[in-house]
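In the two complexes that follow, chain A is the common piece, with chain B as its partner first and chain C second.
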Partner chain A sequence: MKMKKFINNPENLTQELLEGMAAAYPEKIRLEEGKIVVRANPKSADKVALITLGGSGHEPALSGFVGLGMLDASVVGDIFAAPNAVSLLAALRKFKREAGILLIVLNHAGDVMSANMAVKMAEREGIKLRTLLVCDDISAGLDAPMSDRRGLAGCIPVIKVAGAAAESGAGIDEVYEIAERFSRRVATLAVAMRGCTHPQNGLPISELADDEMEIGMGQHGEGGGGRGKILSADDTAKAMFENLAKALCLKAGDKVFAILNGVGATTPMELSIVFRAVTKLAAERGAEVVGGIIDEILTVQEMAGFQMILCVVDDEILKLLRAKSDAPYWTCIG
Partner chain B sequence: MNLTLENLKSMFESASCGVAARERELSELDSVCGDGDHGSAITGAMRAASAAVAGASDIKGAFFEAGFAAMSHSNGSTSTLLGSFFMGISDGIEAGAGQLGAAELARAFKSGLEGIRANTKADIGDKTLMDALIPAVGAMSGRPSVAEALSAAAKAAKDGADSTAGLRAKFGRARNLGEKSIGSLDAGAVSMSIIFAEFAKAFGK
Partner chain C sequence: MKMKKFINNPENLTQELLEGMAAAYPEKIRLEEGKIVVRANPKSADKVALITLGGSGHEPALSGFVGLGMLDASVVGDIFAAPNAVSLLAALRKFKREAGILLIVLNHAGDVMSANMAVKMAEREGIKLRTLLVCDDISAGLDAPMSDRRGLAGCIPVIKVAGAAAESGAGIDEVYEIAERFSRRVATLAVAMRGCTHPQNGLPISELADDEMEIGMGQHGEGGGGRGKILSADDTAKAMFENLAKALCLKAGDKVFAILNGVGATTPMELSIVFRAVTKLAAERGAEVVGGIIDEILTVQEMAGFQMILCVVDDEILKLLRAKSDAPYWTCIG
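Our next item is the complex of A and B:
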């Protein structure tokens, strides 16, 4: 698979993409020194700040979700690589406040490592913070310990809920508890049918035969799930939905907020067809899809595939999901 | 002879030059299983650590600054792991200590190992830098002098690094290669053994 991308010097990818994103939404976000994206209109200091970290190459995640009612800062690493602990520490220092900081970490080894070290140093400096680890990917198996589950695009609704709670003036413990409780009701599975190339070196990341797809593909093509022949939209949706429903113990009467996240080369047409299947599958179990998103919120370069994210919601969570946000890429509701 | 700040400065300078001299070889080793950037990552991190130690005013602070500098140098796990090791060593040293005896040095490095263990579950046999680091730190305890502790550590690190050739990778991107990872040395373990060898050599001078 030969790489075809509109890029310049591969060394400058991250800096250039962040400059572009910030330039497109100057009234919403700003790029600071050290690859930190912050809100153009900062939240008042008496409210809990929300910070996250992660590698680039997954745009619009995570920096596209900086804005009113979502993130206060996103600390960005290189392509698919966690930012270092010192960059994260710089962001934590910048947002040091009495109200505290909620640090949202996707469960990937590098991100967790940087977060651990930054938190250790921040605590020595008296920075008040709590850390929420997002591990929504269930591809490691339903019996796998949470620590083996990776963080996928399910972090975005968790950020939305936490951000809305923080914006409403909730204290750090309350924001953490709402977000933590909700995160346990979020499950994600990814499927891929065509791999992608690493934009820095052009090498293929995971390769799939022309007639194959793989359910449980991680964010960087880490294998681990089931490989098989390509299925129809309805059959793919069913295979994924059943496992997600099991992971969430979905039962009759539950309300579901569903997200179909295209990871790069899968069209809104396909995602819409799959979404239709999800609503039917939920209805068969007596559950109801009360809303959702069909969009690219976290991509993996030109990979073809999607992440199916199911969130079991109640009225309080729905209200937070629908609360106002001006983050550039939270466009569906609120 | 106890270890002083002056010793530490020459040890870090020597270690920094030691990995730099083998940068290419380390990157080539890494390209077998990883993304081929270990040589430049460890060279940059050790150069930054060495510069930080050169400007430090006590031993505890020197290790902390070395860790912080290594960590700020670049993204990626090499610099974070190395940073957590040095910062862990700093945690194991009493504030204001002017020099370290063999027992204090062994205790400090053990604390460094705990620091790195907080960040990785890798253990002996997983084909990572831990294959060199764990035996090296273990070999330091119970030695009558700093010189003997450091040379025992250097030997154990070398043996540990050599053992990685026969191992199958279980961590990082290399894990996906499975059996294909057997046969080559782990770049991180080799660079760890270089650092320990240079520490011992520079202290002995």
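Our next item is the complex of A and C:
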């Protein structure tokens, strides 16, 4: 059976997809050697640069958020694989500046290892940088150490907030602190109903029975502990929201920015229905959903499922979330 | 076997999804009675209003493009079903104005029937309007009469161009003429690899064998005549591009704005790979892809496939495509 994907040689997936993405948005992004996506209109050198890294296969993901007010560079690995330290170091060198670099790393073993190696080498070269680890996934349990929490699509609002602060001219310590403080108010939980196919070999990366779903499944089919029978949209939303609210110590009066990230085959129709439930669940606790995003911002091939991301926000954070960005996949918030 | 979708009562899908979408974008859109989505910040009454109608289940589709510089109202029908003439007439009444209304109708029998009835009633009431029929699908063949061509996601760039013209203060005849002329330079072809499930009864709306794809399949599983074995991304792109180029009489020196609309389970990874092929195919003919969109703008549930939309543009059209819009699902073009 032939894999049901529109691809050419599986070996060239990453290079070809990056060339295509750059071709679609020539006034916004450029693809440089070493699979580094950068802004077509670079930020002035007196501002803090934002760099991140991650595997491909999750588009639009990180490279889709390169642009004014968000990332300066995304260093891209192969399908579901971290880029190596050499590529990341090349990007860090390219953006070496007095103002410094904020390196944003999603908490996955491969990304963390490449980042640690590149950071050590960069520091020996006098490159000024700070590293922010994003670990928004709460599926490991509320008592799990932060190091056990994976980085999921909650990285995108964190990047937006950090990027807006950097664009406004904040110094490296200030950008780091705003982003780090906000990242502790961001929590994510994923759910899957149907697994997906690895686009390089056509094999399933996870399997679920016809009547099953799994809350907590990670971005690569990692187990999440919450396997069970399929629930309605409202009941799924409730199960996820309650855990997220607990993780965030959500209380009456809190303002919530909610993101429902479709990971592949789950429709905006379904995500909208779940969003409706989230607003009601927040209201029941006296909290208010002040807005959000219903979209595919970080996908897992054609997996059916989504990530629910809750961000507790204040006026300062909302202003940064609403600040202008021209990144290809950021739609400005009203 | 339970349907693998996050829904509640299938009878309430449309109402619930619209409530959810409105809740996510409270500063941009509002849901009014009769399933009419309108701008949260209405356009001033001296400008031409843009209204459209269509069934749901295709989100973000039409309602996702309500906002400054695009639609003033989207009248929403049930899943895969046109709204009735009474709802559309209510929307036309709401936006009655001296400047007039441009009603954009996708060429599907149900939408056309509701539109014709509502327009007759509206004209009797002295509502000033013009109707633009979008029939961008070329799958019926190049010799087929325009009336046999379905309206696909090519409606979105047409709405963008018309909306930007209306926002700039152009009169109803001018808005109509710009949009009508542009619509003749927009051609779309769809391809599907895997069918989808009707979200109200759980039944497949189309079926394809494990090694098959179909070029020309419509937004509701309608046959397109191009069923065959699965091709590579490059070969699929070539087969589709050549027909589109013929339909548009594409010639050396032409500028092309290309949209690859994922209809459900096909990933941005694949769409990017296909986009790369489109830029090469255009270049081989001496035409230039000046930019585009790789995104899900009009979906068909979890169908695997996409629509390739080619728009031949000039500087005036590019300016209108790049004009500001705050619609929830329009990402500004550089």
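Here is the rule we use: the second predicted complex is superposed on the first by the 329 of 334 C-alpha atoms of A that agree within 3 Å, B and C clash if a C-alpha of one lies under 4 Å from a C-alpha of the other, contacts with A are read in each partner's own complex, and residues count from 1 in each chain.
The definition used in the following text is that a contact is a pair of C-beta atoms (placed from the backbone, for glycine too) under 8 Å apart; a residue touches a chain by one contact, two chains touch by 3 or more.
Every value quoted in this text rests on a predicted model; they were computed, and no experiment measured them.
Touch criterion met: A:24 reaches chain C, while chain B stays clear of it.
Looking at the shared chain after the overlay, A:81 reaches chain B, while chain C stays out of its contact range. By the touch criterion stated above, A:113 is placed in contact with chain B alone, chain C being left untouched. After overlaying the two complexes on the shared chain, residue contacts for A:201 are found with chain B alone; chain C is out of touch.
In the superposition on chain A, A:299 contacts chain C only, with no contact to chain B.
In the overlay built on the shared chain, the residue A:151 is in contact with neither chain B nor chain C. Residue by residue along chain A, chain B and chain C are tallied for touches, and C comes out ahead.
Judged by the document's definition of touching, no chain A residue lies at the interface with chain B and also at the interface with chain C. Residues 55, 77-78, 81-87, 109-110, 112-114, 116-117, 121, 201, 222-223 of chain A touch chain B in their complex. Here chain B touches chain A in the complex through residues 35, 68, 71-77, 79-81, 83-84, 87, 118-120, 172, 176, going by the rule given at the top.
Note for the complex: chain C touches chain A at residues 1-2, 4-8, 13, 16-21, 23-28, 40, 56-57, 59-60, 64, 193-194, 199, 210-211, 230, 232-234, 236, 258, 260, 264-277, 279, 289-296, 299, 301-302, 304, 306, 326, 328-334.
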